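Chain naming follows the written order as A, B, C and D, and within any one chain the residues start at number 1.
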Amino acid sequence: MNKTIASLADAVSVIGDGASVMIGGFGGSGSPIELIHALIDKGVKGLTVVNNNAGNGHVGLAALIEAGCVAKLICSFPRSADPVVFTERYLAGKIELELVPQGTLAERIRAGGAGIPAFYTPTSYGTDLAKGKPVAEFDGRSYVQERWLKADFALVKAEIGDTHGNLTYRAAARNFGPLMCMASSTAIVQVSKLVEPGGIAPESVITPGIFVQKVVEVPNPAQEEDLNRAGARYP
Amino acid sequence: MTAEKLSNAQIAWRAAQDIVDGAYVNLGIGFPEMVAQYQPPGRQAIFHTENGILDFGPAPKPGAEDWDLINAGKKAVTLKPGSAFFDHATSFAMVRGGHLDVAILGAYQVAQSGDLANWSTGPKGVPAVGGAMDLVHGAKRVAVITEHVTKDGKPKLVERCTLPLTGVGCVTRVYTSLAVIDIDGGKFVLREKLANMTLDALQALTGAKLHIDGAVGELKVPSLAA
Amino acid sequence: MTAEKLSNAQIAWRAAQDIVDGAYVNLGIGFPEMVAQYQPPGRQAIFHTENGILDFGPAPKPGAEDWDLINAGKKAVTLKPGSAFFDHATSFAMVRGGHLDVAILGAYQVAQSGDLANWSTGPKGVPAVGGAMDLVHGAKRVAVITEHVTKDGKPKLVERCTLPLTGVGCVTRVYTSLAVIDIDGGKFVLREKLANMTLDALQALTGAKLHIDGAVGELKVPSLAA
Amino acid sequence: MNKTIASLADAVSVIGDGASVMIGGFGGSGSPIELIHALIDKGVKGLTVVNNNAGNGHVGLAALIEAGCVAKLICSFPRSADPVVFTERYLAGKIELELVPQGTLAERIRAGGAGIPAFYTPTSYGTDLAKGKPVAEFDGRSYVQERWLKADFALVKAEIGDTHGNLTYRAAARNFGPLMCMASSTAIVQVSKLVEPGGIAPESVITPGIFVQKVVEVPNPAQEEDLNRAGARYP
């Protein structure tokens, strides 16, 4: 078994028009810039993207939106230092937005990965974001029913990966990565360093390989924040 | 001389042949654990155990056991390169979330609907369920390995389970001591049978109608040390 | 000379005095982040950030940022000995599961019922909620720090929020530029006020009745660099 | 902040009659033998215990049951190599049993820790263990509603712990430990090695200290399997 893919282009070649794609990262931390740019190069339309944010500047997720690949975004916080790409499209009605509280977003993705079709949360009860959702009372407190969230693909940035797909993450770049690998049919992961099985101690594995389908090595990956500070644009 | 029926090792061997390279597999406690021994050469399955290990290997030598390194049957195991530890919630996220390719379980009864009874023989004694009810939901393919009939000769493949259910409509293939049978559209479909067994004889030992859909192959297995 | 009203730093300082040693604390993005600077000596709070760090410290020197090591406001932070990383589901398990001792948030409006509005000023522009709706449920104590009135002088403490709600009945204490007010039984209960401010003057700037329940202390803070 | 407790007796002194106590471990792997024995020494009655199993032989959980401390057991598999202690009491009607499928048990505990009062699972649908539970259909498939599980206390065995309560676990002894720390009001943890904060790399922490209230160092802890093979009994 070897889940390694030789090139970024090969790794994203399976993603077609209209696919749902979870993209890891919280702002720039953990954003799989190289995979996203490879997807822009491929050229796709009508994606539903799940990410905590909506991109910053003109690289990464912002560039994917700017390239016209994204029809709908599911996120918690579509603001950033430079959110112009998403903002303009959203205000012009060119991109759909499903706004989800951040913890509910994380839990919905985990539920998708864990085979839990629905759960109850206190979050958003009594607010506009709970409108139309079933409500139930447990032990005298009211809760909102939320549904799982799954996707066809996940694009995730990890630190070390082995050929079985076991992963570690760097610092707080972990964030949504482990959840999105679980919740997607095909998790495509870029790793800064690829190792043989056994190269990650079994106690240190954060995402077990069962949740990962494709691994591509990208040494020295770009950091969104650095690109934006340098005024980069993609393509 | 052809075998009258397969040994447990031979049933396990036959089930092992259907596990593809790279499959993630959970083997039920007891008899199903034997399947791991008969992986065809060149194929590498990754075994999952409920208590939080992926890619464990066979038992260590006696005296070399690490009792923090056990499988769901509480037997000592070893690790392979590429193994991982995780907590119980993550372990059952793998199970329930559809991440396992195959679960191979034992059975008291299997119904033509795919219903499985394998956790309780009734209200006597101490009930215990473990991970059985979780495993039958989630794995992409749930297969059963079993004697074709009970010790006192009653069918284990039945129209409707009379014992408490483990899961509803969950089993898709049964490997027995006499045959390989798929469950498809609420029917038992015979795929393979022992060469020395007539269809009528097999039907007589089966508690629900065996359907034929295409060729019925010969159930061939090597002679294996018991 | 007594201050007419507290600076943001002074409001943050006052809120910091109520955080006990060993408390687990989440500070909202922006103004609430200032609270971390004013922990009393000898007390060690553990700060949580939604994106998966416990026990982070202040910003690094410019040029020393690690952009994988940021807080929920996407600002670079540092680590303290004893810090931990975890994924987003675990992070919000901490939030929703009642493991945080205190969450300190900003507000557009707070109602006497404890309702909070701090995520949306209405249907214009791009809506963004982040972790606000999660934080208001789960932390053992949800406090707000805020100017007492809006920039154009309208009350932020109100009978009923007119802006979209973040949470229902969730706030228990409000630290404003003029007073410290508890929310108890659907009422604003005045705990402290600036010495130069009469109750009538404070009431005039408050959109719902201020109740008195026991002594009203003087809201005293040090003069702090802006 | 220092969560260290000097002695096992002090660590369990807070547990009173009638308390609910989650006990980590899967069989002997991860079983906090020393904490359990300290609880026997203290002497408590009417406990509700949550564990995957029901004890083996006459040490650890089996000894706690044998000492008459346990009124009710919530578990998935009350069988073992030597289950005589539980079996006799159960068949004599002296101990109550709530049997829960293993994955549902794990998820209910996690839900308790994560503030999720209820969730839906396919597990046990159509079986005797779903009797009396609400059922709902999502996307054409039927699911059972399960409730969170919380406890007053957890007794957990970890490998390394720091004074803030950050933990690592040894091999597959991890199992229910991280979940039970989350779901209990007071998680009491025995660690084989106690270190200062910073002694565990932040990437390697499995249970963050926020989920842990008390840490007690027990170097060279006993292994249930070894005790049973030696025919040990407690007290």
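General observations
Please note the rule applied: contacts are C-beta pairs under 8 Å (C-beta built on N, C-alpha and C of every residue); 3 or more make two chains touch, one makes a residue touch a chain.
This structure is a prediction, so every number in the text was calculated from the model and none was measured.
Common neighbours of chain B and chain C, listed by label, are A, D. Farthest chain from chain B (centres taken as the mean of C-alpha atoms): C. Comparing chain pairs C-D and B-D, the larger number of C-beta contacts belongs to B-D. Separating the CA-averaged centres of chain A and chain B is a span of 36 Å. Taking each chain's centre as the mean of its C-alpha atoms, chain A lies 30 Å from chain C. The set of chain D residues that touch two or more partner chains comprises 107, 110, 114-116, 121-122, 169-171, 202-203. Counting partners per residue, chain B has 53, 85-86, 89, 92, 95-96, 137-138 as the residues that reach two or more other chains.
If the chains shown are joined wherever they touch, the resulting network has some other arrangement, not a path, ring, star or complete graph. Contact between chains, using the touch rule, shows up for A-B, A-C, A-D, B-D, C-D.
Residues 26-30, 52, 54, 76-81, 83, 86-87, 90-91, 97, 99-107, 109-110, 121-129, 169-179, 206, 223-226 of chain A are the ones that touch chain C when the two sit in their complex. Chain C meets chain D in the complex at residues 21-22, 24, 44, 46, 48, 53-55, 79-86, 89-90, 92-100, 137-138. By the touch rule above, chain B contacts chain D in their complex via residues 49-53, 65-70, 74, 85-89, 91-92, 95-96, 115, 120, 125-134, 137-138, 164-168. Residues of chain A touching chain B in their complex: 1, 110, 112-116, 162-164, 166, 182, 196-198, 200, 202-203, 205, 208-211. Those residues of chain A whose C-beta lies close enough to touch chain D in the complex are 107, 111, 114-122, 136, 138-139, 141, 143, 147, 168-171, 202-204.
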